[in-house]
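Chain lettering (A, B, C, D and E) follows the sequence in which the chains are written, and residue indices restart at 1 in each chain.
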Amino acid sequence: MTHAKVQVVDEAIERADQPFISARHVTAGYENRRDHTRLIALRDVSLDVARGEFLAIVGPSGCGKTTFINMIAGFVQPLEGEITVDGEPVTGPGMDRAMVFQDYALLPWRTVQRNIRFAMENRRTKPSKAEQDERIRKAIELVGLTGFEKAYPHELSGGMRQRVGIARALVTEPSVLLMDEPFGAVDAMTREAMQAELEKIIAQTGQTVVFITHSIDEAVTLGDRVVVVSSRPGRIKEIVPVDLPRPRMDSDIRGSQRFAEIREHIWSLLQSEALGAKREHS
Amino acid sequence: MIEQIKVSRFAPFRNTAITLVNLGVFFVLWELVARAEVINPLFFPRITDTFDAMYNGFATGVIWPQLSHSLQNFLIGMLISAAIGIPVGLLMGSNKVADVILSPYVWAMTSLPRVAFIPLLILIMGFGNAMQLTIIVLSAVFPIMVNCMAGVKTVDPSLLRAGRAFGANRIQMYGKIILPFTLPFVISGVNQGIARGLVGMLIGELLGGGGEGLGFLLDRAGEQFDAPMLYATLILLAVMSVGLVQGMRWLERRAAPWRESPAR
Amino acid sequence: TQVIPKTESEIVSAIDTAKVRKTLTVGVDNPHYLFHHDVLVALDRGYFKEVGIDNVTIVTTEDPLPGLIGGSLDLALYDTDTTIAAGVKSRTQLRMLSIYLGGEANILGVRQGINTPQDLRGKTITGGQFGSRNDFLVRKLIRDAGMNPDTDVKIVSTGGQSNSRLQAILSGTVDGAGIQLRHKGMLEAQGGKFLLQETAQVPQVGWSAGKLLAESPETVAAFLQATLKARQFIVDPQNKDAVLNLMAAKGFQIPQEFKDAYADENAPDYHTRDGGFETADMDKFVTDQINFKVVPSGTNWRQWVDLMPLWRAQKALGLPLRPAIGGFQ
Amino acid sequence: MTHAKVQVVDEAIERADQPFISARHVTAGYENRRDHTRLIALRDVSLDVARGEFLAIVGPSGCGKTTFINMIAGFVQPLEGEITVDGEPVTGPGMDRAMVFQDYALLPWRTVQRNIRFAMENRRTKPSKAEQDERIRKAIELVGLTGFEKAYPHELSGGMRQRVGIARALVTEPSVLLMDEPFGAVDAMTREAMQAELEKIIAQTGQTVVFITHSIDEAVTLGDRVVVVSSRPGRIKEIVPVDLPRPRMDSDIRGSQRFAEIREHIWSLLQSEALGAKREHS
Amino acid sequence: MIEQIKVSRFAPFRNTAITLVNLGVFFVLWELVARAEVINPLFFPRITDTFDAMYNGFATGVIWPQLSHSLQNFLIGMLISAAIGIPVGLLMGSNKVADVILSPYVWAMTSLPRVAFIPLLILIMGFGNAMQLTIIVLSAVFPIMVNCMAGVKTVDPSLLRAGRAFGANRIQMYGKIILPFTLPFVISGVNQGIARGLVGMLIGELLGGGGEGLGFLLDRAGEQFDAPMLYATLILLAVMSVGLVQGMRWLERRAAPWRESPAR
């Protein structure tokens, strides 16, 4: 493991211009053993993400976004095609990638604090206890949960739970952040504040982010590119580059003409896909 | 998009194949150990002799009447146990007062040896099938109860709310929310009940006056130092138990296809 | 194969204490004090010391045979027939050495209200598990009393020992059952009685040994000599209190009913005084038990007894040799 | 039960001008038995909802919105104050009120179809089987899940699950609809389509709706009034009437000046509350 | 906003009070039935006589050595059983192949009467504590195993993903995700194990030749028709079992405060 890492660093220099995350003709689906059928969720998706890029994904509900991010995370194996991260095919989850789950996936028997600590404690080389505590404190503050360190998930509101999941993913500063609708359950204001924080953090750390969202505004605000996925079976409809300067959160960019244009474009792309989640038979 | 997938026609037999190889190896090892006489043959017969005894037992009609007596009693006993144990267990799990009041007796009854109750039972019920059934029920009902009780505490409160929100009354809550949620506990409890009920059945047959059943067969084989026959009976018991348990697991899978997620 | 001496003079009665093992573990199948007192009296009175044995530990276990065959027991006091059967089937050098209970009191105890055999008609009776010897004996009693056990009474199968059957009578679940002598007092105290009683000479229980016999025959002889000597002490009615007190001191709580039965239990025709038996009784017993399939058919019990240690003990204590050497040559 | 209903209908006429749902000085909280404290989630809330009104609630994450709607539903009892629905104090859940849960609360052992049927099958007087089937079919179509009737919840995407929850609540046409962030997990387009459907339905049925959302746009688009709740312990900061004509979804109202004004107003109200979820000690 | 709340100081004693009343009523009923001699006193002594026998037993030092012997053996046996049963059960639950291979033996062993194994055990292990411990373990380990096995299947796949995503290795997965999630199953399994282990303990003491322990006491009381002593021993056993089980439930509550949601 350690050996492999050293190698990665070495090669990273040569491969700086290579895509960091790359999907090649990926098809994914789920088998239904009851009636011996297979539902194809994503069909023939090819996509490159550069190192340090912020890739936003939007698309109709059920189009395979979670499936796609799960493949990058290593939970789901593609039926066809291949996904590589930093040149290595993904065979399972790795500590280089952290995930914010759509359903939060908090451990109900752990307090907020210990849920966040979970992200660090399993590593072979982990930060010192004091360092961990400090990082946890910061992460909790970041997501606005100070005072709830010792609360259990069932004692939190929906949005608060979601924020624990975010803190857990951010606390280790992984090189890839996989975020599946991370701000879906928080209110508009908290969402903005957290978007700003996220932008700040990744500007500092240079993390690569794959970010699923239902909010077109959010996609355009945060993304370097926005992938628009079509209805199931999901295909890439278009990849929209967002050529707006950063930082975007503190400025008036969201009131700008260009922002509105991009937003309109994505909107129209999606228009034809809405409520298209009917099960197609091929 | 839905595709038809082909499942290898042999896939369902994989487990059967593993099981066959597994048991094959086990029996061969048994035979080898027995032949080496590492353990005295009086207590550890060859498996070939054991199967021989079983075959002869069936062929000469020695086993079947006993087996059928036991099986019939046992199944009736288990049905009664489930019918009592599951509702009472669920009630104890969801009602704090019922729990506090019944728990001591239930746990005492779960852990006291059944043999200790036989004289009392015979006294009250006399000899005969009712008494044997009672022992089976007394053996099986408590494991079912305590597992159901433990299960209820795990039910997701969200689902209880959903149940109440959509007008489920008390009985519907048990039937439609609590029971399905606790199913794995219930099944595991029933399986534990099967295991203990079998022992109860043997005790009942041994001490209960009928001179019938596998328990009687077992005792007589022991008395006569007929090790092959003794082991043959034990194997029959094991088959009975494993068969019933597998049946329960199959039932569970049928009743809960939603648990078969591809993640596992 | 055992060497049978030709005459009594060939038998060496003296024990070579140098060859005797210092400690022994023996198994008995009955927690009743009667099954312990030979060993405990011999220990207490120093008879074991005399023959070079320092200590004997008693293990009470329902089935001492696995212990005997497995080697955790050196000797066992157990049913003669079962031991012979186990010897035959286990292909080990398991041998009967002497007889402890030589008489069989076949008793049908009945509850209050049953006074004559005729009262038994239609009543529920048990002799234990169907197909067992006790079951057979109860049927025999009924038959001897002029009734048909299959039609005139209802016989049920029960598990457990004599005390379970006594319980069954006392509680009224059966009207009569085959029980042991020592339960007389308790039955009568509850208004019941022994309705039918036969005694026969049946060498039913005795000492046996396995590996020890091959490894150290001297120890076996020494053990038999010490316990047989204790037996002579026990059967003397004058020693009743001494024995009972000793047993009480060893932790046995002996009910009055059992104390009252002391003389009966230790009567010579029941509790064998010399450890011996009559070959004819053994012939009949084993034949019976072959019929019950307890003993494998074709068994010649003479191959499964080793009487040399007993003869040596009998000679040392000045008792006549029983069975006589003659029956074995 | 049947008797009570008859009465309700009788009195409804007299009470037409009375508030339908009414909260009087309601304080709610949760006890923590571990350290013997009580967290106050909502403090002294008084609020009336008229029959047929669409009340939207917005507020920072963790401010007690779910707690409030749970009190109307009858799951949570107020510590102080009283909640009445149609003049009767709420003592528990009732079939007059249906709920869309924030965490969906689908029965995992039931297919989509049977989850929706659950809303109808427990009633004493329930529609005929054929009628039920028809209603279920319509509800499934409404939420765009046709083809997934026989799928289990674990086989659905997050947004699809949420839509099952919506279908389940709508299928019985209850007089009160309690919706806790019902469109939080669906994409922008689907959300719009469903907003339109919802508006249409309640225009037909005259249902009273209490609707929690994180989207200010959504609150203004759908609500007759928007309740803005302050940070925990939640208090009503302001109740903003939305004086826009209906139907709003099919028209250009969302591009109107008035819409933008209201939106801005609510936005500024919330501004001061964002990330205010710090645990206060009193 | 956080307020301090006052909890009535008597609240925790409510259950104790219910239990006391409950047992009080039970014992009074017992005494009444016994006095009425509905059941022969030989089999159903008065509870007063029973407590008398228990008191005397302790006063004269008859009971304590046996109780202590039993208790000690039993606790060691249970520790071993848990140490084997929990990991193996969890493994069987999560590994299909381990399940298919081990299941038949585990279920056979769960349901075959322990008495049947005693001769074999004595043959191999002789008399003594090792053998008695073995019986306890053989009795307790399988119920624990099968419950753990059943529990694993219920683990939320989302949480397994979270575990893997954050780098938990196989052992950490078991320790930090699977075990906490299955805790109610594990505890219920251990409780079932306690119940069966107690019976195993008695059998071992009865047949194992030690002449020690509660099993010996029970046997002797039976032999001597000492019904009060017999019931006194049974009550001690019940207290032992109920006490241990309550201890486990207390432990579960301590280990899983998150389950104590106000919704219940």
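Everything below uses one rule, namely that contacts are C-beta pairs under 8 Å (C-beta built on N, C-alpha and C of every residue); 3 or more make two chains touch, one makes a residue touch a chain.
Chain identities (UniProt): A, D = NitT/TauT family transport system ATP-binding protein; B, E = NitT/TauT family transport system permease protein.
Since we're looking at a predicted model, the values are computed, not measured.
Shared contact partners of subunit A and subunit C, listed by label: B, E. Looking at the partners of subunit B and subunit E together, the chains they share are A, C, D. Looking at contact counts per chain pair, the maximum sits at B-E. Farthest from subunit D, judged by the mean position of CA atoms in each chain, is C. Chain centres here are Cα averages; for subunit C and subunit E they lie 39 Å apart. Centre-to-centre, using mean CA coordinates, subunit D is 48 Å away from subunit E. In subunit B, the residues that reach two or more other chains under the touch definition are 40, 43, 119, 123, 157, 161, 257, 261. Of all residues in subunit C, those touching 2 or more other chains are 65-66, 69-70, 167, 171-172, listed in ascending order.
Shared interface positions of subunit D, defined as residues touching 2 or more other chains, are 30, 39, 103, 154-155, 279-281.
Applying the touch definition to all chain combinations yields A-B, A-D, A-E, B-C, B-D, B-E, C-E, D-E.
Only residues 40-43, 119, 122-123, 126-127, 206-211, 216, 219-220, 223-227 of subunit B touch subunit C when the two sit together in their complex. Subunit E makes touch with subunit A in their complex at residues 158-159, 161-162, 164-169, 172, 176-177, 180-181, 183, 256-258, 261. Against subunit B, the residues of subunit D that register as touching in their complex are 73-75, 92-95, 97-99, 101, 103, 105-110, 118-119, 122-123, 152-155, 168, 172. Those residues of subunit E lying in contact with subunit B across their complex are 15, 18-19, 22-23, 26, 39-40, 43-44, 97, 100-101, 103-105, 107-108, 110-114, 116, 119-120, 123-124, 142-143, 146-147, 150-151, 153-154, 157, 160-161, 184-185, 187-188, 191-192, 194-196, 198-199, 202-203, 218, 230, 234, 237-238, 240-242, 245-246, 259, 261, 263-264. Contact residues on subunit C toward subunit E in their complex (touch as defined above): 25, 27, 31-32, 58-63, 65-67, 69-73, 163, 166-167, 170-172, 186, 190, 253, 255.
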